[in-house]
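Letters A, B and C name the chains as they come in the text, with residue numbers starting at 1 for each one.
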Amino acid sequence: MEFVGANILSIEQFERADIERVFDVADAMEPYALRRRVTRVLEGAILGNMFFEASTRTRVSFGCAFNLLGGEVRETTGFASSAISKGESLYDTARVLSGYSDVICMRHPEPGSVAEFAAASRVPVINGGDGHNEHPSQALLDLYTIRKELADKNRQVDGMRIAMIGDLKYGRTVHSLCKLLKVFRDLHLTLVSPAELAMPDDIVDDLRGAGHQVQVSDDLTHSIAHVDIAYSTRIQEERFDSRREADLYRGRFRLNQAIYTQYCEPNTVIMHPLPRDSRAAANELDEDLNQNPNLAIFRQTDNGVLVRMALFALILDVVDQVDRCARPVNWYNRRH
Amino acid sequence: MEFVGANILSIEQFERADIERVFDVADAMEPYALRRRVTRVLEGAILGNMFFEASTRTRVSFGCAFNLLGGEVRETTGFASSAISKGESLYDTARVLSGYSDVICMRHPEPGSVAEFAAASRVPVINGGDGHNEHPSQALLDLYTIRKELADKNRQVDGMRIAMIGDLKYGRTVHSLCKLLKVFRDLHLTLVSPAELAMPDDIVDDLRGAGHQVQVSDDLTHSIAHVDIAYSTRIQEERFDSRREADLYRGRFRLNQAIYTQYCEPNTVIMHPLPRDSRAAANELDEDLNQNPNLAIFRQTDNGVLVRMALFALILDVVDQVDRCARPVNWYNRRH
Amino acid sequence: MEFVGANILSIEQFERADIERVFDVADAMEPYALRRRVTRVLEGAILGNMFFEASTRTRVSFGCAFNLLGGEVRETTGFASSAISKGESLYDTARVLSGYSDVICMRHPEPGSVAEFAAASRVPVINGGDGHNEHPSQALLDLYTIRKELADKNRQVDGMRIAMIGDLKYGRTVHSLCKLLKVFRDLHLTLVSPAELAMPDDIVDDLRGAGHQVQVSDDLTHSIAHVDIAYSTRIQEERFDSRREADLYRGRFRLNQAIYTQYCEPNTVIMHPLPRDSRAAANELDEDLNQNPNLAIFRQTDNGVLVRMALFALILDVVDQVDRCARPVNWYNRRH
């Protein structure tokens, strides 16, 4: 795809070469995200960070990614203050707001709304999540994390074994990740969920059509025994008839250090799109995993900044200029 | 008027030379707003963008204007988080908040509140709208748009013919615009509204006192037949006894492409302060006008950034320095 | 204490030398806060300004302090948009959010929450107020103001006479200030409150244990007759059985210009943590004091910016570099 000036609305836009391109640029962003260097390549540019639905981490991650490239961020959160509540069309909102910034990141509860907005926008638009539909930067950061974690163990995405665990029926994250995985080769996927929350058939069919091996299971321990990646998601209580019923499922999908030690291969990477539920009997990833070096959930959110910096740099055509505008960091950084 | 260090509270402050000065500076801001150049003239300065009443577009427009001059923006929206809700006086709020920034833009639902705030502030204050009272930057951007649209057709504000349409009784926008128009010469104004929503007598008297010809009408098609500008506003349902009654009026004041083609001169410019209502039977400007090159509603909001940049540059006395701190833009811009 | 990379969670961290160090750096920040010079020493750094409880003035003060050092601010206000509302632990929130910024300022209604957050954070955390527990930068700015106001009169904190007036039982501000005052010598404190709202015994004991003279009173005029500082706080109506009862107390603790002239020494400095209540019969500091040059309440909030700049500069280890990145201000400043 041509990144310069593009809208990023759906992972369906990305072919394998596009994914690799994003990831190579994300790799190059690391010195800036780790505050080893500062770049001002987007100094003077403005991101319109329009969150018509709340999402602290996605909003802040996009905002910081733009700041780390030297740009400014103007933010809107919620509907209350919006002309949309006075009956304004998305077309009008897009025409107006795109006059203020150089690029827009938009989250909106309505599926398809971001694409409708982007069609009227005069500047490129990144979909920051449109209801149950798409959240492409999340899928990209998940796959980027998988690639990076495997590379640390001298493995590749091609040929990897991955288990996806939890609510696979409604989980936007796992749907998008599966779509991205279609462009890779020889994957072994195990889909672990209660039967009622199984992965939709069309997604399974697509994975098989892409040549991958797909197994379906409702047993956690057996499924995570031989995988490179265990990707866990939240069991969403509100989907069940009763809390009691939800708790039954949750009981079977909770991963903790004892289970990890007993069943997993020693290098199995644990992922989760977050937030994970910390309430007793609800936590799909127990806190006793926090010291496990293969728990990658916070490297996942860190990688979100890299991937979003890469998308901004590609869309605004400054990839080759990032390093030229760089200088050393002169303040304390506890991360190092 | 002396702009340096001034509060911008009311359009009554502006004489004709002042208006021309703002517009000349706004013209000079265009390369920056269009991202042909970047300036950092206000680098290190802080705008306190205090929106005690919600208004996404005005808030973002002011914030972007300040960012485009290189300054930072610290924002507050809503009352909930404010000490005002604990009984603090506007005097105290102003003394405290003016210690944090270099200039303040303030919106507040109470008429007169911004002037009261400004009297106590230690930095210049721009009125971003105080209830039904004033919203001077909106009036300036409307007039700036009129001037610019007419200039493209080799016409001037002096001598122009304008129709104002809709709720002329309560519409703050049209009241302010009329006050600004007093300093021009030989205007022909047609005021189109239901009798119940007619322009207040004192404003009409002032316009006539300024030597302008004013006609009153409640017929849309006849009134827009021979004008340079058709300025439409929202019929506000909540003013009427019933929705049914409001719809009767709305039926007569809806402009669409068919009416435009049949009744208007080919160069008639269509304006609207936005938001326009997109709901069926409520849209005063039909969406089939969106491709009409004389629909200036989005150029209007774009011009808001120019006018606000001009006000900041004038108040903070950096007009002559803007270009000296400029450099080319190095990122992609779909606008060009 | 070692400031570089430190969390600022409690005033108990500060020994006398630490306090002096903060204040010396705060003094050095004045040219920047007064816009006599601009510095960009933190250009590229990001403050995560996380206000899980509303507080306009503290939030904006921290944000402006960071901007004045050249850094960017990414802000979150309220709980609604937070994953915390989906059951996420503070540990997870801290791990995620600390991946986005270089330093975090956090306010949270729950006592101890900021320390818990800081323990998991990968970047330094400043406590911006955790319920009734601590608000260390407020205590520091109060003491900094006392030192500065006394210095203008050729006096020192050691040996000073101070009256604290109002709700001394629940007032977080006066508790914290008393704790800071323990490291000074020979103070004369008069604690003025209704008996029901007296300063807790342990704080009084600590003050006496530090060698200070402490008197308790419920009479305003007598108590402010011979003090250098009169530190007034809000009588919080909600603590009383009835409004009527609260008003009785308030009647005795209201300071106005007539009382000041009749009872106070001419140089007595008036302070208040703000907001002060402006409603009739509720204002502990009458508005007729606004022209009194010894009313230091707005110098107090101004000093908050200096103290917060100092904390950022110390924690991020850029104290020695601030002046090297400085240049003159080129825009209008009404303050001068």
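Operating definition for what follows: contacts are C-beta pairs under 8 Å (C-beta built on N, C-alpha and C of every residue); 3 or more make two chains touch, one makes a residue touch a chain.
What you see is a predicted model; the values in this text were computed from it and never measured.
Colleague: Assign the assembly's chain-to-chain touch graph to one of these shapes: line, ring, star, complete, other.
Modeller: complete
Colleague: Looking only at residue numbers at the chain A/chain C interface, is the share used by both copies over half or under half? Answer same or different.
Modeller: Different residues, largely: of all residue numbers at this interface, under half are found in both copies.
Colleague: Could you grab the centroid distance between chain A and chain C? Build each centroid from C-alpha atoms only and quote it in angstrom.
Modeller: 40
Colleague: Residues of chain B that touch two or more other chains: which are they?
Modeller: 72, 75 - these are the residues of chain B that touch more than one other chain.
Colleague: Hey, which residues of chain C end up touching chain A in the complex?
Modeller: Going through chain C, the ones touching chain A are 4-5, 41-46, 48, 72, 74-76, 80-83, 86-89, 91-92, 95-97, 99-102, 122-124, 315-318, 321.
Colleague: Which of the residues in chain C come into contact with chain B in the complex?
Modeller: Interface residues on the chain C side: 35, 38-40, 51, 54-57, 59-61, 63-64, 67-68, 70, 72-73, 75, 77-78, 274-279, 282, 287, 290, 298, 301-302, 305, 329-335.
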